[in-house]
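Structures are listed in the sections that come next.
Two complexes come next, and they have one chain in common, subunit A, joined by subunit B in the first and subunit C in the second.
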Partner chain A sequence: MKIIECRDISKMYFRQKALEQLTFSIEENKITGLIGRNGAGKTTLLKLISGFIKPTAGEIKVFSEQPFNNLFVSANSILVDDSMSFPAALNLGDIMDAAAAFYSNWHQPLAEGLLDYFSLEKYKYHNRLSKGQTSTFNMIIGLASRCPLTLFDEPTIGMDAAVRKDFYRALLKDYLAFPRTIVLSSHHLEEIEHLLEDVLLIKNGQCLLHLPIYDVKEMMISVEGKLAIADQVLQEKEIIYEQSIGTNHVHRVLLREEASVEELQGAERMGLKIRPVNASDACVYLTDKGKGVIDDVFNKN
Partner chain B sequence: MYSQYQLADMYTINPATAAKGLNLLADEGILYKKRGLGMFVSSEAKEKILFKRKNQTLKRLVEEVVLEANRLQVSNEELLSMIKALQTKEGNQ
Partner chain C sequence: MMSLIKTDLVKVLKMQYLFKFKANIDVFSSLIGIQLLAVLFSFGGFYHSTHGWGMVINLQQYSANIVICFTFIWALITAITITTKPYRHYDFTFVTNRLSSSLSNILFLLTVSVLGSITAMLSSNLIKFIVYMFLDDSIVLFKQPFFDFFTGMITTSLYTFLFCSIGYLVGAFIQYHKGFSVVIPVLFMGLLIFDGMTMNSTTITGFTEFYIKESNPFYFLLKTILMSSLVLTAAISIFNHLEVER
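Now for the complex of A and B:
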């Protein structure tokens, strides 16, 4: 069953385009990573799915309903980000009680257990927490509400390395115990890729790819070695990324489908280093802004 | 064999990824499915894994060793004596 269906959705902020004719759908009980560079439209998309804002054009369906101004969608979904606003008069315990009353799947033992594990006290106030503690508390609300559709927008901002690791483990364990549809946006694909089933990559408000993580990991290969040999082996192949190392060495990236296994083995025998490209780097190459590499900025001067 | 959900919990990976791994092993005949009961290790699993490691992993390692020896202009005799020295050392342990 499809939980989220977007057809040709666009979103304009005044004259600025945030999303442009985005089309995709997300199946029930999958964990999808929403990946994109800064300003690609990740947050806008998540806000549209949660019904916080309306699309300028196109159609969006969540649980087969339009999410904007929709109580059914609100009761069955949650968007966790660093700007979650809770009434200043409520302490953390009160906020948890309110969430328990609103979300029918709320799991109090999990909320209490996580709160205790991360040393957050119930009598404290949300606006007095540090950045990392705020993210941690928001994440606890997001997990314990066990919403059929759980959206995390950069949930680990401000968390230290230990908390981030614990969060990812907690997310997976509670997903195994209580499967649900989860969308997780992050700049750090390498940190979350083990949790994901699918990757949705967006660039300039458009959907660049929507594939199982396994396919993204297998998508590209990197070739490194002497320029002359690389030129000879890779002639007539489309290069996705290129970086020179010194004057006569080069690092090039190409799609795996461009080269056969025999060609690659031959290249290795000629002294080129062939390596797989991890999913995170593959996404960086795909979302390249077309302004060359960072070295070009320095080479101009 | 552990289920995809047990493997997901053990290694903090998505259960779909764990299932993919199990299916790859099933395709190679190392695991087999029993309907409603889960995955089991086949009787020829050990033999198959040993064969694969010998003919793929070890072969590739040897190729690399020979390539590196050629690059460093190490003679065949010298390379073989290095391997033999290592074998006697390992054998003594």
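Now for the complex of A and C:
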């Protein structure tokens, strides 16, 4: 069953395109990573899915219904981000009680356990929490509400490394105990790739790829070595990314399908280093803005 | 597969209504604050003086009129406040759609209007008691028949709710476009001045007289309820299109 279906959705903000003709669908009970550079449209997409905003064009269906102004979609989904709004008059315990009333799958033991583990006291107020604590608390609300569709938008903002690690583990454990559809947007693909089944990569408001994480890991290879040899071996091959190392060494990235196994073995014999490219770097190369590398900015001056 | 949760408007409304009492607790503290301030202002009373047949009669009248006026202002401000972004976005953290958010707000406003009116009406006794005890023991207390208190309470509630409704619509306009936060006060003051200059009650004053001069309780009831529902329907339809930009 398809939980989210988007067909040609576009969203304009004051004549500026945030999303452009995005088409994809997400299956039930999968953890999908929503990956993209800053300003690619990740947050806009998640807000469309939760029915906070309306698409300018195209059709979006969540649980086979339009999400905007839809009680059914609202009851079955939750969007967790750092700007979740809670009344200033309620302390953390009160907020949890409210969430328990609204979300019928709410699991109080989990919420209390996590709250205790992350040393957040019930009598504290949400607006007095630090950035990392706010993210942690919001994450607890998101996990414990056990919504059939759980959306996390940059959930780890401000969390320290230990808490981030714990969060991913908690997410995975609770997902296994209570499978549901999860969309997780993040800049740190290398941190979440062990959780993900699928990756949805967007660039400039468009869907660049939607593949299982395994395929993304296998997608590219990097070649490193002397410039002359690299030029000789890689001629007529499409280079995705290139970086010079010193004056006569070079680092190039290409799609694995561009080169055959024999060619690669030959290249290695000639002294080039061939390495797989991890999923995180692959996504960075794919979403490259075509302005070269950061070094170029400094080389000009 | 995980079973999806079925829900209906009435269930969500009930939860949101209860939630709003906890979330908007500061509405009640501001009510108490503003009414106590009004009680303080009421100690002056209204002074009447007449003379004739060789006598001078000085009459000092103590009433809850100021408290009621302050309650109206409080109602207007409260209604505008709960339309602002942070208040609207609480709902969207949990389960809601725009209709249920507005309807639960309206139910909340109706409840606080009735509560505010009851305390405003009761404050008249407090004022008279304090004046008698501490300020002016020559006071003559008039007994207030329960029926008068009852009709007074209903009328005050309706007026207060009307102010809430107007505040809610004003808030809706401001949320639709920030420019209305300038346009509406300017329009209001301008029309008042216009009425004053033409010595004619056509716009704002005409609208006020339409309610104040109505002596038939049934028509009054009809007028306020119709007006409130008209104003609130307009507000709901504005909110129905607003996006959540948190």
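In this text, the second predicted complex is superposed on the first by the 301 of 301 C-alpha atoms of A that agree within 3 Å, B and C clash if a C-alpha of one lies under 4 Å from a C-alpha of the other, contacts with A are read in each partner's own complex, and residues count from 1 in each chain.
We adopt the following convention: a contact is a pair of C-beta atoms (placed from the backbone, for glycine too) under 8 Å apart; a residue touches a chain by one contact, two chains touch by 3 or more.
Values in this document were obtained by computation on a predicted structure and should not be read as measured data.
Undergrad: Label the relationship between subunit B and subunit C on subunit A in the superposed model as either fit or clash.
TA: With subunit A aligned, subunit B clears subunit C, so fit.
Undergrad: Report for A:L196: first if it touches subunit B alone, second if subunit C alone, otherwise both or neither.
TA: First partner only, subunit B.
Undergrad: Could you say whether A:G266 touches subunit B, subunit C, both of them, or neither, answering first, second, both or neither?
TA: It touches nothing on subunit B or subunit C.
Undergrad: One more residue to check, A:Y168. First (subunit B), second (subunit C), both or neither?
TA: Only subunit B; A:Y168 stays clear of subunit C.
Undergrad: Between subunit B and subunit C, which makes contact with more of the residues in subunit A?
TA: C
Undergrad: Between the C-alpha centres of subunit B and subunit C, what angle is opened at the C-alpha centre of subunit A, expressed to the nearest 10°?
TA: The vertex angle at subunit A equals 150 degrees.
Undergrad: Is A:G39 touching the first partner subunit B, the second partner subunit C, both, or neither of them?
TA: In the superposed model, A:G39 contacts neither subunit B nor subunit C.
Undergrad: Taking the superposition as given, tell me the minimum C-alpha spacing from subunit B to subunit C, whole angstrom.
TA: When the complexes share the chain A frame, the smallest subunit B-subunit C C-alpha distance is 16 Å.
Undergrad: Under the definition above, what is the set of subunit B residues touching subunit A in their complex?
TA: The contact residues of subunit B facing subunit A are 5, 8-9, 11-17, 20, 67.
Undergrad: Which residues of subunit C touch subunit A in their complex?
TA: Contacts found on subunit C: 1-2, 4-9, 12, 15, 18-19, 22-26, 86, 89-90, 92-100, 240, 243-246.
Undergrad: Once bound in the complex, which stretches of subunit A touch subunit C?
TA: Counting only subunit A, the residues touching subunit C are 1, 28-29, 47, 51-54, 63, 69-72, 74-76, 81, 83-87, 89-90, 94, 98-99, 101-105, 148, 178-180.
Undergrad: Which bits of subunit A are touching subunit B when the two form their complex?
TA: Those in contact with subunit B are residues 30-31, 168-169, 172-173, 176, 194-197, 212-214, 269.
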